[in-house]
Amino acid sequence: MKYWQYLVRRLTGGVVSLLGLSIIIFGVSRILPGNPARMALGAMASEKQVRELSREMGLTDPLWQQYVQYMQGLLTGDLGQSLETKREVATDIAQYLPATLELITVAMMFTVVFGIPLGVIAAQNKDGAVDHATRLVAFFSVSVPGFFIGVMFQLIFGYLLEWFPITGRLASEYSVDRETGFLLVDTLAAGQVDAHLNVWLHLLLPALALSMAGMGQVMRITRSSMIDVQDQDYVAAERGFGLPSWLVTYKYTLKNAFVPTLTILGLLYASLLGNAFLIEVVFSWPGLALYGVTAVMNNDFNAVVGVTMTIGVAFVSINFVIDVLLGRVDPRIRLQVEEAT
Amino acid sequence: MSTETTDAGQSTPESESLLDSVVSQQRRELWARAWKRFVSRPMSVAGLLIILVVVVAALLAPVVAPYPEHAGKYTDFAAALQGPSLDHPLGTDHVGRDVLSRILFGYRLSLMMVGVVLGFGVPVGVVLGLVAGYYGGWTETIIMRLTDTALALPPLVMALAITSALQPTLWNAMLAIAALWWTWHTRLVQSIVASERTEEYVQAAELAGAGPLHVMFREILPNTLSPILVKVTLDAGFVILIGAGLSFIGVGVQPPQPGLGTMVSQGTNYLPDSWWFAVFPGLAIFILVMGFNMLGDGLRDVFDVEVNR
Amino acid sequence: MTLAEPIGDDPILSVRDLHVGFDSFDGFADVVDGVDLSVGRGEVVTVAGETGCGKSVTMKAILRLLSEPPAQIEGEITFDGTELRSLPKREFDRLKGRRMSLIFQDPMSSLNPTFTVGEQLADTAQFGGRSDTGVLEYVRRRYLGGERAEARERAVEMLREVQMPDPESVMESYPTQLSGGMRQRVLIAQALLNDPDLLIADEIGTALDVTIHDQIMTLLEDLIADHDLSVLMITHNLGVARQVSDRIYVMYGGRIVETAPTAALFDAPKHPYTQGLVASIPRLTGDPMAEGIDGSVPEYLDPPSGCRFHPRCPYAHEACREHRPETIPVGTDAGVECVLYDDRHDAPYDAPTLETTRAQMGTIADQSQTTASELGGD
Amino acid sequence: MSETLLAVDDLEKYFPVKSGVLKRTTGHVKAVDGVSFQIDRGETMALIGESGSGKSTVAKTIVGLHEATGGTVWFDGEDVTHPSEEQLDEMRDRIQMVFQDPTSSLNPRRTVGTSIEVPMQVRGVPAPERQERISELLDLVELNDEYLYKYPHELSGGQKQRINIARAISIEPDLLLLDEPTSALDVSVQAKIIGLLEDLQRELDLTYLFITHDLSLVRNFADETAVMYLGQIQEKGPTREVFHRPRHPYSRALLSAIPVTSEEEESYKPRHEPLEGEIPSPRDVPSGCRFRTRCPYETATCETVEPAFTDTDGGPLVRCHVYDENYADEFDEVPDVGATAAVDDTSSDGGSGQFAVTSDGE
């Protein structure tokens, strides 16, 4: 089997997962107690109003028909109307998604940029002072609740030191054409250097708070896989041939050690998405997660479905990308797939 | 001619009692060794101590808390938002309740959540993982596809989605998380079983005539226990974090119940002046989670297993 | 006299009183306990011993591949007149990879799985033994100018020399795509790329199939002659040792128990362990095979007192328990560490021959024989 | 005089090669490709081959760990190729296996005692009886009750293999399949294990199928020897004959490649002829004679015609075109040890004759 065929299989698997997800969500909305129409209208609405809305929403049709309808909607991008914003959910998502992606991307960048080198350094000083110190940092970062670190950042760097703004994406004195929705890109495209810097100021605290948990994990996994690889015969052989030790570490060892790290990054992406729900609330970040939380609190079911499915799609795609990368980094994975049965 | 000089230690034990003492001594040595390894890591011991202290304090909260009545609906606006003092070591909240007492009761809720989620999730996950890994084929495909589906969303988001359809209460949040948690253990156990299945000792047991139940539960399961134990320890911290997160955004523990996340959330409204209101509950979460992580890491070293959270 | 240098003057490698211990969780493991050995110029020397006898640790200690701590190394290691233990790392690295080279045991795990063979060989050709190369210099010589092409050329040449079929396509392959035999050839090529004087080889090809192993050994013999190599080889297979080496050291429990020129060692092994080992090898002559040596290799955490072989030795007596035996020279180029050959002690046994030991091992087996038949009952 | 216990007739085991998105079967790995042999009760048959020759697959197919693709397995006169539940149960009472890796074949979480216990436990042997039997078994494999409560990691390789053997013989099987039982062990320990197996065979009247890559090991141990290459037996016959006059070029190469420890032994090896190239993949078996790509004697016929077994004088069956034509010129003989063996046989009948070649037919 060629590697691309394997990837197609994996992608198909991902799509099947999404389908399963849609069934779960559909099931939760229709089978569990609680009439969506009643929820939409609130406790004060009359029975008649509820019945009417039920018919309008197709709730009186057989379940499978409802599901087909619901899937048709999902596939055509018609996610229905948000009860809260009174707009198409798809439009809302298109508006809020870039803010979340920007936040997550920068957080991921922090995770990788700090996590991997610290892991390498810890591995090289195994059982030394640096190793113990990074171990403590890692413990701290995976143990502290993301929202709490966000609150602490606000308290210290916002309220007390007043170095950073504590909410929002951009100070109100700047106005930017939202071409892509990614403010870092938009401000640069428009040549507004000041605004660009201001976006960074806003991003820094939430992104750091968000990256915290992952950083510790990446650090530890990089450390342990570096140590594993360092013990391999081929690394001893490379050292035995008198190659420069930096070359052995950063070229020959790190590439092998990177494989488990990369695998973890997929899972990490999920936890970043999850934590984004908390961080966006703390920093009033106008992103998808905040939209989702608001929707949950308001029983805005269409919006919840939209947000959930969007995140599912994001998760499946990112794991697909990681599969592709894994095949690139480690030819064994590629070759094994092509060899095995 | 050489008998007396050749042989060391091939003598047979003379009596039953001698044999018994050898056995118990060996078992004791095994445990002593594991314990010695464990205590040689100060951080693991610290983790265990933290957990023990917190668990005991939480269990005894009605007795040890300075103001047990502050755990629920209680107001004393005169005492609101007081900083840490001898009366209120960790200050008071916006309606005058003692933060320390509420933290102790908050721990009860967090630990209960850990118990419910793991008590349901772990056995279900382990059994499904055993079955999937042992039988392979379609059974495996179906179970693992289901698992992947449930894993396609961050647990927090999934719990949000489910609680939104139900009512945002502590029980529903626990239900939602428990309904998903088994997947992690299914994954873990399935991957171990899939590799153990090809080990020759499994084939040997099959050749000996052992049935699937014997092979799964008597042969393979014991080999998955230490990674499961490590994972459960790390999971406990994770569940507490998720629970606190849900409470923080308002779909977990509902006021006036003393959820740790709820308290942080309420406290943020009184920053920066009444910092203790948000900071101490946050630290409380952090300390307990840290305890579980340190313990888990220590166990991981003792058992020498690879488990990621 | 000392047996460290039985070949006399000016060995290329000489190891004196090497001790290697490890501080482990369970205590101190005394794995190499006073090893003397030497390799003459152009000589092929083998250290033979079973699993856990300390031969690999000896090799790693010589090549500084053990990290200290946990390892604790003492002793004197001299390469071509230079004392290696006190040599600064930088200078040691320069020797390593250019003047001394190594081949590891397992062809499956000794090549980096994520890089092509060509990348690894070319890097070794260009930067092996040049550990002071900085990043910039590396980038310049790796990517600019014609040096890389030259290095690859040299690598292909070397692959040809180790009789690799289709070397050009092997250069583009990843190790997993090659068979065990081919990987072994790559490893040999890599070791010889920088034209070393001394080759240290750990169990070459013993993980391979018999017919492939046969090819590799034949190739190795040719290469040793062509390149005028001095070789220190490590193996658990006495047959392999006999096939290629001029002289053999037999190691047991972290000590050299016997050394002799190859022919002498097999014609008349002296140490009871050597005898037991030779007797245990199944023979093509169809003669009966002895039933092996009783017991198992010593624990290094708590090694037996005196001679470390005494708990398993059919000729052991009180003296063996008490003192570590001295090395008794046999002629000018052999020696044995056993009291049976020491005139100063009154051993209750005559020095055994291979045949007496064979018979002795049979007797030992007979004891269990009786027990077994009593219980087996047919 | 002897009765056949196990007969394998034209056994085939193909593993499908699947590829593509839909996992279609696009080819087969012919791990075992038409293997026939039979073992008489109380005899030892050696199956020799390098990695990829399919020798372990033969054993696993016989015991039902793999399902045969074709051919028949007869056990004690009964067709057990595709056993019913009942047959499987009976087979497992009577056929046991010892695996190559003594470490991986013991459950690391079980003590020695409980590991040995499993087969009896499954068969409902009462606990006190089991305990007694375990002690007996430990004695049989020259260990003692001190080992009962040890865990595998506390044992040496040789001790672990003894435990594996004890477990295999705990239910008194007739046939023991030994899959490279000593290849993970040191040579001094290997000798011990082989000795133990010889003793057990005599005492318990066991029949062995002994699988190994090490030709020298079976010289004294096996009555019959079969040499496998790429899923097919190339030569089989009485061990003595196979060693004395190896007929197939592959058997000769195998024998000549063994590193030995004395000049005397060198003379027992055929002329040294290192083989060309490597073992082809069993997925891609060469046409005609499957050994031809590495054979120094390859002719045009070899490429097109698959050789059938030829009867030779002296007994062995050989698959080789060349052997017929050029036998006298090209194939030298190595000394026959039959003479020594015979002497051994007669001189030491009851006592220490345990190492001598067992020649049943006399």
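Per-chain numbering from 1; labels A, B, C and D assigned in written order.
Note that contacts are C-beta pairs under 8 Å (C-beta built on N, C-alpha and C of every residue); 3 or more make two chains touch, one makes a residue touch a chain.
Predicted, not measured: the structure shown is a model, and the values here were computed from it.
Set side by side, A-B and A-C show the greater C-beta contact count at A-B. With every chain reduced to the mean of its CA atoms, the largest distance from chain A is reached by D. Note on chain placement: the centre of chain A and the centre of chain B lie 24 Å apart, centres being C-alpha means. Chain A and chain C have centres, each the mean of its CA atoms, that are 53 Å apart. Here the spacing of chain B and chain C, counted between their Cα centres, is 49 Å.
Taken residue by residue, chain C touches two or more other chains at 294, whereas all remaining positions touch fewer. For chain B, the set of residues touching two or more other chains is empty. Across the interface of their complex, chain D is touched by residues 50-51, 165, 179, 181-182, 209-215, 217-218, 236-240, 242-243, 266-267, 276-294, 296-297, 362, 365-366, 368-369, 371-373, 375-378 of chain C. Interface residues of chain B, counted against chain A in their complex, comprise 43, 145-146, 148-158, 160-168, 237, 241, 244-245, 248-251, 261, 264, 267-268, 271-272, 275, 278-279, 282-283, 285-286, 289-290, 293-294, 297, 306, 308-309. Residue ranges on chain D touching chain B, taken from their complex, read 63, 65, 89, 92-93, 96-97, 99-101, 104-110, 115, 118-119, 122-123, 144-146, 148-151, 164, 167, 171. Note for the complex: chain A touches chain B at residues 13-14, 16-18, 20-21, 24-25, 28-29, 32-34, 135, 139-140, 142-148, 151-152, 154-155, 159-160, 217, 221, 224, 264, 267, 270-271, 273-275, 277-278, 281-282, 292-293, 295-297, 299, 301, 304, 307-308, 311-312, 315-316. Contact residues on chain D toward chain C in their complex (touch as defined above): 50-51, 136, 139-140, 142, 156-159, 186-195, 199-200, 203-205, 213-217, 219-220, 240, 243, 253-262, 264-265, 268-269, 274-275, 277-279, 294, 337, 340-341, 344, 352, 354-357.
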